[in-house]
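Going by the order they are written in, the chains are A, B, C and D; count residues from 1 in each one.
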């Protein structure tokens, strides 16, 4: 339980439908900390967090190559899916437990924290054994059984906004997790569905300052899913940081053209490193470090 | 297993991403049958199916009043949620097992088939004990763990389109269920999210003829959630039938103003009966019976 | 001036932002009449109106073939654009005055009323010389200078809902025309933009009963633009009539595959005749004639 | 005519539907210059342009107060509507010619360039007499008669994206203007319509880098209309600059609470000055000046 008993008295002062998620409940803001193998990390403070890695864990070699590259570029948390929610039952569904084991090896070898998705309440314990942060994907944001399960798990949660969910609904989803006393939640804007066809989704950049006002929870942006195009990841990442985002979630793959999923939106390691360098002056311009 | 071995050879002829759900796979169309206590029913044939009842099971009295009323109006299947996916963790979440028991009593007493929602893979066996048709709600359409579970359950499934899902994604969700050999799936158009504010959702009426062309599965429409306004339920129901819908899913509540959820879109029993009478000539005009 | 002086006193009772367009202003409903060469027609009464013809006037031969066909199928009003608002400046922009002359010839020869679009305030007088009904296209619904101009022209107006406009905005656009005393306005639902990709637009079927409740003005539906697919025109037309539409606007072209615009959504004359026959029983089922 | 004859040969190399608007047509990018009373300004170069002022010109006093304030904050171009496209015919429609005269006085007094909207082809000559830049509002982006008229006027044009127009459609609208040889076009992202309700529109931040890649035309962002909330204007402005925007269009009003339109999204002069200061380090972080 991370929500303190004395805090709970404040709940009556909150006029929003989201009570524990409201900024009024905890005006100073929440810093979510999580651990990697040999160091800790946190989101919501002065330092920005970048979580990088491939869409899916495909092999030990792929993950080692990515881990090395993103670590060199200054990243402290590794993403990679072992359980993949795919539109088609015939698409690659992830390596499952084997993928989790590979992720754990990367943590041991490179000291990176592991962020990975869980898609079923039944898998929460298994995933929590390996992961430092449990990710709830956009499709599962309104999966209340899963939200209850990760709430009970008392582990940090990366909660992605549904592709057609309002910000109010996102905060209500966080409220499900918070209602179990688990306040280690990182909100993630990852683009919403609109009529525009050039991009896979439309990144709602105003969600960043709005969520920061409405809630005390940290907010990050996923420009990879948000745009679906690697050439837009750099500019949208800079925009996110300038708008006040506490971090970024970015897809990096050594051979994007051969990726089992999300190739077109993944950056190669060298391009990712360039992007990271371009991000630092923007972070400093808004009083943050990277 | 309902998909026949000799049918599976046809799969290569299907050019769509949805294989088993495609109309090419089974050109003549699928009729989904399900049982109530003392009679059978089916969707996809000449006769239309109306599934009616309250949003949530609230009490034995409420359910008895509704059951009696809808049965008199010619309805053979009763809807009512025992597990409710709600935006807020503080809203009424359904009566759970007690709600299922009440539904089973209604089946025994009135001979109505029971259609009720399941929101977690872990509850599928429990709900399947009581229900004739397992409902997957709009929020859970892209919940693949749940789709696998109801696929394995080998029970008829009412699969609602996600409020943010394309028709292709709906058919791919059906494909998840079909991939377990379970072909007793009823697709349901229930309105999508748009910028229009007068209605809760926008019923995509062209989804009906499109789904009937793309797939062999029966299609019904939910004008209650689709519009969010009871005064629109009648006209949109007539439109659905005229467009070729195989049935309707309609919210009926004895005291809508006191309903624990979805009051503004629920019809009172007497108004529902009037609506049913107005529906018959439209059904006949397009060669169907009710 | 068609709005009567004694009616204007009622305006204070109207609580909606649209005053003259509100159903409260004229509870009994408005029947809009317009003339063809040798007969009158009206929209909003018991009889449905079907306005049919090609997207664009291309030639005298094309228009004669279409006119003959639609007249035989029971149609009294001909559509066809002489001024075409096209996304690209390099696409066919319409025959202009020559197109208007061809339309006038069709009226003389076949007795059909002429419905045609005007896209600039400067052209209103010219188009009004030839047309029985001035059409405001979806792109121009929020073109207030044009709305003022057709309001002043005192001719019947077919006002299409913008593809991005709420129903409130549509009624406010009608209010612009009504504010000049011109109450001969036919509202037209023609599909809105959503994320769905199978159809060109999403027909908002609940717009029909909603507009009929909110306003006294007649409402028709354009299933051709609304769906963008000719195979959906029949079912969506039946749905529109069942939902209470006062008529339909349908694209018919003798050789859709060679049409200069909107070929994929145009019906061939024979298929249009079949569709008209299928529509009659639906009209009768809801107490209308065709 | 600003497009050079020798450039026109390149048109065949352009594979996009927008030819003259394509980046391939003029790879180096276009800098649009326009004049105020005593100095010139340009958009698309290293220096960012901020265009600021009230939604509507309401009075000489209001405009003088705003002009003084924005000039002090480093702004070189003044916005303010004399012709206002309003949803309701009963809302304030702008001061018309009197508003234009006030704008011209401000130019004379403060040396600010004047940017103001034109809403009818018939008014283009009148507005061009007073304005340095002709603005086409979001509602009129698909008003092709108006696009032709401003194309012929050979004056700089600020072309706003329609609230439900794709980027391709925006570039095709620019193509209408370019087809008259007028290449002094500034594109403006001003938010699109989505299902989100906290904000008036959703700023599509990825539109900035996408438009810069697809086209040679300069791109600015309007965070005032884009968000509809003054507290979001600062963060979204910073995001726009970080994403590569060539400038900003911002609503400033001395008494927002008494504004005749768009009060809730207008900044007071002092808050605007603070915002401008916060913008400079972000501009420098991405290699621009302000």
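One rule holds for everything that comes next: a residue touches a chain if its C-beta (ideal position, glycine included) is under 8 Å from a C-beta of that chain, and two chains touch if they have at least 3 such contacts.
This is a predicted model, so every value here is computed, not measured.
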Look at all chain centres (mean of CA atoms) and spot the one farthest from the centre of subunit C.
A
So the centre of each chain is just the mean of its C-alpha atoms; given that, what is the distance between subunit A and subunit D in Å?
35
Shared-interface residues of subunit C (touching two or more other chains) are 164, 168, 193-195
Determine the shape of the graph in which chains are vertices and touching pairs are edges (line, ring, star, complete, other).
complete
In their complex, what parts of subunit D are in touch with subunit C?
17, 19, 85-90, 119-123, 139-140, 142-146, 162-165, 169, 172, 175-176, 179, 193
Subunit C - residues contacting subunit B, complex:
164, 166-168, 192, 194-199, 202-206, 208-210, 213, 226-227, 231-232, 234-236, 238-244, 278, 281-282, 284-286
Which part of subunit B faces subunit D closely enough to touch in the complex?
193-195
